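Chain IDs A, B and C follow the sequence of writing; residue 1 opens each chain.
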Amino acid sequence: MISKPKTLRVPSSLSAPANRQNPPGLTATRSIVKRFWIHTLAWGITATFLLPFFWVFITSLRQVGLPPPNTIEWWPTQPHWHNYSQLFQILPITRYLANSLLVIALAIPITWLVASLAGFSLSQLPRLWRRRWLIISLALLMVPGSAVWIFRFRIYQWLNFLDTVWALVLPAFAASSPLFVLLFYWTFRRIPGELFEAARLEGASAWTTWWQIACPPARPTTIAVIVLTFVMYWSDFISPVLYIYQPANYTLPVGLQILKQLDPTNWPYLMAGSVLMTLPIVLLFIILQRFFLHDFSLSRSTEQ
Amino acid sequence: MITTPAKSYVSNITHYASRLTPYASRITHYALRITYYVLILSTLTSCNNNEASSISFMVFGDPAEFAAYEQLVAAFTTEHPDIPIQLRHLPSQAEYRQRLATDFSAGTPPDIMLLNYRRFAEFAGQGVLEPLGPYLVGSQIIQANDFFEQTVTAFTWDGQLWCIPQNISSLVVYYNQDLFEAAGVPLPGYDWTWADFVTAAQALTLDMDGDGRQDQYGAGLEASLFRLAPFIWQNGGNLVDNPDQPTRLTLDSPESLAAFQWFVDLQIKEKVVPDAVAEAAESSESRFLNGRLAMYFNSRRGVPTYRTITQFTWDVAPLPIGRQAAGILHSDAYCLAANAADKEAAWIFIEFANSPTGQSLIATSGRTVPSLKNIADSPAFLDDQPPAHARIFLDTISVLGQVPLIPNWVRIEETAGREVERAFYGQATVEEAAATAINLTQPFFDQFQPP
Amino acid sequence: MKVPLSQRFPYQTQIRLFLIPYLLGSLVLIVLPALATTAIAFTDYNSLQTPTWTGLDNFRQLIESPLVRISLRSSLIFLLTAVPLRLLAALLLALLLQQKRRFFGLHRAVAYLPTVIPEVAYALIWLWIFNPLYGPLNFILSWLGLPAPAWLVEPHTAVAAIVIISIFQIGEGFVVLMAGLQTIPYSYYEAAKVDGASSLQAFWQITLPLILPWLLMLTFRDLVVSLQNTFTPSFVMTYGGPYYATTFVPLLIYELAFDFFDLGLAAALLIIMYILILLLVIGILNLVGEVRLSDDL
């Protein structure tokens, strides 16, 4: 089986550990010229990655109906901020937004609970079972979404969940994605077994062990799972179409589809819609990535 | 760390697999059969826990159309408060089809649905629709000959009428009057020909700022089989060999090829239509809406959106005439699901929706040309709102042709449509495209067994 | 004396209980529907009638269909282009941004950003950027004097466009590789420096071999993910066009199921896709052969 060595730090690896020096490799010396190029390259990459969003924002401020620009314009001559308010009039966006937020408010805690408990459980099983459940989870991960659409509908129908928020949230009870279970599993595996042994000797139940010993160091993973779950439910556009009947219960991605139907090349509105859909996630990411940068290096904190 | 070379891992798998092989095929077969039977069982015993009392009615369309349907349902509820209607709305045809497939597979389709005549044969052929012909015969409010004959024929299959037609639209030319006047081109007349059309389009395709790229195009149309069909008919050709029992596309007949060539020459030779790049950059319809395209081919569907145009005056003209006049039928109808719980109540709604009252209500949205002869020829449809020459939709009815009613017509149209598009943008000659279209669609024709 | 619930069951049982929600949920929401779909693949099912068993008929039809062959080829070509490029990009980004320098936290976050954008919005954004006449990309290219192709209008450039989009979304792989890079003990590099190795040699001899298991795992995940991720871009941006160039397998499955109501064929194609991935994974495993892998997870 392929390994992820023990010192894996999933999202907190977005930061470099404090006690790590820069290894040689691509960045050999510390000469100023080299440093200049490295920083330029890094900034270049950031600019390249950010440019698309900047352009989208610009386009969303253009006047609807004008011929598209002949040259690249870095800022519209007359920013039409009211494109955004117009959008709210064309579609019931506030309702879609509220629905999306409701789905996420339910899905995130449930996902976290199920995935964390399952990951914890997996991490404490004897080796043979661990391997088996791991393979099963990986196999589950490979199942494409399109394989389950139609027959999930049957199940929701039987449970009488159609046209309710539960039809969209139910996957949370399966941890939304086996990936999250695996993430928690790998995180909990890194916690030294002695801690759990000590807790058991004191008579702690599994629940207490999970909550008090396993969870705190797993905070970066929790945050990563929260962000990923948010993205997953926020952008899901197949489920609402299949499982929701009344337009009042639609979520935001369906709204974007409707917008595209109304006028497939009305770029200002489409871009404004995209910005609306992207902004909450970007904001959430910006707020939470500070926690990613916190180095929860376990090997350091448990050194006596 | 104990290490296991990858190869031995794979060999472990193959080792176990080889030990199971004699049984493998059997095991798989039985497992699949069991799952399959469970599936069948669940299909037959579909649990319908939903509100059995209300009748579900599913539609698609933009918010303006949806508002019209809401009005219809409200009007019906005032008259028949004992029959609750649950209106379901999907934004577009794509999502509509997704829902239909899912609903049908679950055994709980909507009671009433709107189907296009190009699609309904598949449902009728599978026995999931309830033929509405007998209901129409027994109706006190509407009769078959109240409707335009072409729409009734469009939904008659295997000897009976399956659905009650809602509208009788067709392909027309929407034109920007101001652009015509500015260029000094005479407005399209009732019997303008292909040549008149091309001349006008050429005069209206302008590069106004000299940058080598057209700023205004004379015409715009979708490169699809459905748009090409009326031109083939106008040139004396045929889409299929036998409309009642089609066995192949006849795009390769001389008349069809000539029409096809004229169609693609609009883009390739005359260049009065945006090329592939221009179309991808900004759609023809968008250009028309913003006053940068003089003539746009579309059905009645476009009217609600075009009514929001304020910067210029627009109107409709009939299709230009080739060797003979011909148009193409567009029509949707209300269909009833065979396993609807309360068919009588559902019929009352369908009857109401297609009564003079109901059709007038929907007509006010501008989206439909009513299928009832009296309502079509009344102020409910011919009102003060643009287009001023709405009568054209009625005058062209006598020359409308329809595509054949085959269950998998959509696949044929889709597949052939890609070839039409390819030829339209100059990536294949019309002979090549026609031959490929015929080739690729042959299996679909072969699948079709006439009833 | 009442024994608390937590002490009535042995620890190992309690642990196993925690697995139940996940397993039950997965069983009901993933396994059962997937099994049902697998069974459908052997039937003739158009959602309107009960399925009729037809055995391998669907598979035969698929193999003979030119459209399916084109679609499989397109998906394969996409995989063979996109996955190596993505891995390369992830590796280069990880090598560059793993360092502890000023603002690199920001750079890392920005590199991860495209991954969290909702798929539909992301595809729409790029639809605008790739606009052949008015999109910013072509403006910049022509301003730089480079050729500005018609992107989504031409078959080859349409596929290239979707490859480019997927390269921007390597956030996940980039994070994984950074984690892998951090496990390489610094002492190795010190020893190499003492021996007089250049940075490139250090990379070849130390970094690459030690990071290979991570790369391998990433390759597998990428193969699976890339194959399925072509759905939203091809659905939103081109719907399989121009002329089938971007009709990748997931889109074809969708079309078969919901445009043509042929669910049996769609399910059969799903199975073929799954087998394809499995073959690729096994093939790569065999190719790599003697890589030392750990089974202590």
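Keep in mind that, in the parts below, a residue touches a chain if its C-beta (ideal position, glycine included) is under 8 Å from a C-beta of that chain, and two chains touch if they have at least 3 such contacts.
Predicted, not measured: the structure shown is a model, and the values here were computed from it.
The set of chains in contact with chain A as well as chain C comprises B.
By number of C-beta pairs in contact, the leading pair of chains is A-C.
The innermost chain, defined by the distance from its C-alpha mean to the mean of all protein C-alpha atoms, is C. Relative to chain B, the most remote chain by averaged C-alpha coordinates is A. Each chain gets one centre point, the mean of its Cα atoms, and the points for chain A and chain C are 16 Å apart.
Look at where the CA atoms of chain B average out and do the same for chain C: the two points lie 35 Å apart. With centres set at the average Cα position, the gap from chain A to chain B is 39 Å.
Each of residues 1, 3, 68, 70, 149-150, 257 in chain A touches at least two other chains. Residue positions of chain C touching 2 or more other chains, listed in rising order: 36, 38, 47, 131, 133-134, 257, 263, 293-296. Residues of chain B in contact with at least two other chains: 1, 4, 9, 98, 101-102, 105, 281-282. Partner chain A is touched in their complex by these residues of chain C: 4-7, 11, 14-19, 21-26, 28-34, 36-38, 47, 93, 95-114, 116-121, 124-126, 128-129, 131, 133-134, 136, 139-140, 143, 168, 175-176, 178-180, 182-184, 186, 189, 192-193, 198-199, 202-203, 207, 213-214, 216-217, 220, 224, 228, 231, 236, 250, 253-254, 257, 263, 266-267, 270, 273-274, 277, 293-297. Residues of chain B that touch chain C in their complex: 1-7, 9-10, 32, 35-36, 38-40, 43-44, 94, 97-98, 100-102, 104-105, 122-123, 126-128, 213, 276-278, 280-282, 408, 410-411, 414, 418, 421-422, 427, 440. Contact residues on chain B toward chain A in their complex (touch as defined above): 1, 4, 9, 42, 46-47, 49-50, 62-63, 66, 86, 88-92, 95, 98-99, 101-102, 105-106, 108, 211, 215, 281-283, 285-286, 289-290, 292, 305. Residues 1, 3, 65-68, 70, 90-91, 149-150, 153-154, 157-158, 160, 162, 241-242, 245-247, 254, 257-258, 261-266 of chain A are the ones touching chain B in the complex. The part of chain A that touches chain C in the complex is made up of residues 1-5, 7-11, 13-18, 20-28, 35, 38-39, 41-43, 45-46, 49-53, 55-56, 59, 68-72, 113-115, 117-118, 120-122, 124-125, 127, 130-131, 133-134, 140-152, 155, 170-171, 173-175, 178, 181, 186, 189, 200, 203, 205-208, 210, 227-228, 231, 234-235, 237, 253, 256-257, 260, 267, 270-271, 273-274, 277-278, 281-282, 285-286, 289, 292-293.
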